[in-house]
């Protein structure tokens, strides 16, 4: 790709513009939303998302070449700058988030209109705000900048969770806030301690803390105080229960929560904390990485079993997300270059696959108003493309070769083998089978020949505005499996990130 | 000429406006108010000029009457009070603009007297911030208190009782302050703060400092409503007159805290023997304050009462910084002083606006009020988030400085309390946000004809507070630099 | 022992009296039930501080601080500063008392009592009535 | 609870002076700290620096004139507050004179003050008091006296006037509004005196810099006098304001409860 025509915008300002473009869009939508035509309002979202994609993609060559792109705007507090910089790990997440924003926006337009939702202005504004802060997270180059965007993300997701404004929505909104705010405040305290002992908050590949700064019990305490924020958002058990509760929100919101921004932000936060703040050595020596890895293993297995018992499609997908996110956490905690690359790439792979699944669930819901799997018998016959996409994504989640999920999982397994942890390997393989066990029945049921429910005969394929994005996402997840470096070099970037972290150790 | 006399002109201009306000109101109904507003605006402009001068040339010492220092009264403006003066005059200006809508009785005498008292309250606050003389501080403290009693008493029949109770307690505080001043005067023979500090550090005065400390902590504790002394505060803040409530709640509690800082750090200094006990006592009070205030605020149904209790908690943040004592933590307290003035002021501006439009302050009536007042609710949300301490608003950064000061001194318990207190804040402020944005519409009737959201003069304060909260948050490092010009020398 | 006590009383006994006066005032404000009495106690308290200050300015063999021919040494006059200060304090306490009395007048008019417990009870009753009325209003809106 | 609190306060307060034994100076000691540091300067230099033999006057209106300005402002503030607080009409209706007659009791009837000989009061005593007030005002810097006392005397004159004459129409005929405005003008004169020296290039309240063509030493006298006049007007206005505000409310029938 050639972005020479963008050369009038200096490289270091592009991350800032990528953050600002959706923030401005959010402001415009909130202020003007009720006064302009809804098409115009949606145009703001779409234009902003296209601009954002261009800005983010234009940074890829720099990230690949390893040039330092860094912008220090002002001092956020005394001694710490508000700094944005581009590094491979952040780049991967930014590409995913910006790409999926476009897909999700198109999809949400179809969904919201098809479903006749209220409060669409607030919805689109909050959505743009979420994406803005997610991009900020990717490019934040120190803990404090990271935390600023992290809390903005927390707050701006809240209106999305309580979108329906009924009792259930309020309850799950409260649950969401309780989990994220408590963990966020503890994160804050930990940042203060880290800053106090080390005098810096700058993310460094391989970490900037060492055992001298934080003696033995403190290192573990601070580790969990910091990682806590990440794993709450990533939904690692036993801190996952807000995630299924947040399923009351509209489906695009679930897609956003699960695939695009929020849980990925949690996983990304864990990555930053473990590998860029503590570093592999301290994480290993204080015992935090191991404890976290076992939490992840536990989550992977248990969530799969819970998922099997859920008949509500969205709830099943939610627990699937809980499990899949723990792959990323596990990959981070194995602490080898390959597993780290795999974990990062799993952010990409899981994003595309899970968003497909959620979009399908939403499309089915809007078209047929069915939520439960038992009611979907034979629906695939009426909506072949939709359910076909679902089948593709399910296979991907299970980690079949030539699907995106395979690339990432294989790397994590390589890493586990390299680290000599056969139990992790076994867990990963077992969970792949479990994933098949809970996702394939949906596919099989929906393609059953005999149509039990006569009312299905009236439905056709989903609305084009929903169908197109979900098909694109499904196709992309397949393409990324066959050709991991397609277009954006995401796999290379993941490998680079992994190597840069473990470079000083070798 | 103006440049040389800035410290005193900032106070004299609103004073003159206050004194002439009644006369001018007699000439023309609007003249009195216009003069008061213009005078406060003038002192805002001058205070900004003064801040520039202080940053450029260092502290200003202004001897009134040109007498040598310990003999006359001296104003000392360093970077701390220059910033605080800017804060006071900004909030003073916007509330002077705002307050006029709440005057129900427009007879010239009452209207003029009301504006007079607002101007005098601002004068007293400005004076407290700039003076460098122990007894002069008392006079300004009393001017502030007297005008506050009057403004609280204007808030209806309950306001009278709370004003009376506040008056009794406030007079105890003022008397205790005078006792402490007498003790210090008896030991040093001077009333000038700098001179007193010099004498106190020259010999063994530890006993007298301890004794006067025992009187000063309750005195300032009562005036700023720190935990065990806060009894008067919730009802007084709740029932104060609606137009000036932002000024009373936002600024009035901060100045005693500032004076407390002056006494403990500038006069007593940090190297006297009992300083650890002092800081421990302050720390205990502020921790209790933070927890108690937040817990009580959670149970309130009246938004005014909720915010009043939350003030008890927030004052705890400020004195927590004094209890930690490093320059960074002190900068945090001062940042919180400034930031909280705008947050609490802003919240009360919103409350007042809602009451003005719909005549209610009950939280249960606030359902989806944001559709009718989007701008007001925008500020309400931002101020509430700032109270909780969500970045990038002002509240987060003051908490950061406080916490990092505490971490430097290894006061882990303070960090834990900061975290717990902000979570408790989150409980009730998200309750408020939930009411405003999510709950069922309570079907409020607009008291005025359907028009724009609010009159322009009520929108100005709301916009100013909104900008200030975010601005203080984003440019906190600059403010802290300015504060550290002075704090770097006095902290631990 | 006797000597110490008598020296103490001679040199500092006056402070003891002022502090007792001060504490009587504070105790009165806290314990009195009647608002008028509280106001009186407040005045007692303020007077105690005024005494305290004036004691500080006392000089044995000093005369009033108005310059007279022939007396030029500083030791000849008592300290003028506390007197000046206390003039201010007296005026301030006067202002406070004026405001307090007018508040009291209003309280008396509104509630018909200035006894604290009685007053609090009446306030409670008022707010209960208010709540009742509010509830009825809400019910009316509902129906 | 309350009793306990009282006991604690008493114990603390009584024990304080014992702790403060070392701290507080011996009474009457000419060499104690408060009697030596600043006060010596005042005593020794008041006459030459301020041209005022009365050192207390020199302290309050010259050395610490700024305090006194705000002290006057406190008076004004108190007056305004009283006016503002007592602005509403009293709720209770006065008992009408006819009712009094019927019941045969002197509830409101002819008060004692109405029996005073008006002519003596108005033509003799009031001018005397006023003259005395003026004397006290202008003599303040030389001997005992000053603005506050003068203002209080003028206020008392008004009080007498109100009590002697008919309540509704006193001879001075200052309405609440006018007296309150007047009370504000007094401190304004004070503030203005300070401002004039600022405009003349000096510090605030620096009497030496008053732009008047007189001897340096005279300037202090003039400044002090100007300030004292301001104080007098302020205090008199405040007292009159408070009297006015109270007179509206007093019903003279408080003996029924």
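For reference, chains read A, B, C and D in written order, and residue numbers begin at 1 within each chain.
Criterion: contacts are C-beta pairs under 8 Å (C-beta built on N, C-alpha and C of every residue); 3 or more make two chains touch, one makes a residue touch a chain.
Keep in mind that what you see is a predicted model, and the values were worked out from it rather than measured.
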item: Centre-most chain [mean C-alpha coordinates]; value: B
item: Comparison of A-B and C-D (more C-beta pairs in contact); value: C-D
item: CA centroid of chain A to CA centroid of chain C, Å; value: 66
item: Centroid spacing, where centroids are CA-atom means, of chain C and chain D in whole angstrom; value: 18
item: Distance between chain centroids, defined by C-alpha means - chain A, chain B (Å); value: 44
item: Intercentroid distance (Cα basis), chain D paired with chain A, Å; value: 74
item: Residues of chain D whose C-beta touches two or more other chains; value: 16, 20, 24-25, 32, 34-36, 38-39, 42, 64, 67, 71, 74, 77-78, 81, 85
item: Multi-partner residues of chain B (each touching 2 or more other chains); value: 135, 139, 142, 146, 149-150, 153, 160, 185-186, 191
item: Residue numbers of chain C (touch at least two other chains); value: 22, 26, 56, 81-82, 85, 88, 92, 95-96, 99, 103, 106
item: In contact (per the touch rule at the top): chain pairs; value: A-B, B-C, B-D, C-D
item: Chain B partner contacts - residues on chain A that touch it in the complex; value: 74-78, 144, 147-148, 151-152, 154-155, 159, 162, 165, 169-170, 173-174, 177, 181-182, 185-186, 188-189, 192-193, 195-197
item: Touch list for chain D against partner chain C, complex; value: 2-3, 5-6, 9-10, 12-14, 16-17, 20-21, 24-30, 32, 34-36, 38-40, 42-44, 46-47, 53-56, 58-60, 64, 67-68, 71-72, 74-75, 77-79, 81-82, 85-86, 90-92, 143-144, 148, 242, 245, 249
item: Of chain B, residues touching chain D in the complex; value: 1, 5, 8-9, 12, 15-16, 18-23, 26, 62-67, 70-73, 105, 107-110, 113-114, 116-117, 120, 123, 127, 135-136, 139-140, 142-143, 146-147, 149-150, 153-154, 160, 183, 185-191, 199, 207-208, 211
item: Chain D-touching residues of chain C, taken from the complex the two chains share; value: 8, 10-12, 14-16, 19-20, 22-24, 26-27, 30-31, 55-62, 64-68, 72, 74-77, 79-85, 87-88, 91-92, 94-96, 98-99, 102-103, 105-106, 109
item: Chain A contact footprint on chain B (complex, rising order); value: 328, 331, 385, 388-392, 396-397, 399-401, 403-404, 406-408, 415-416, 418-419, 422-423, 426, 430, 434, 437-439, 474-478, 480-481, 484
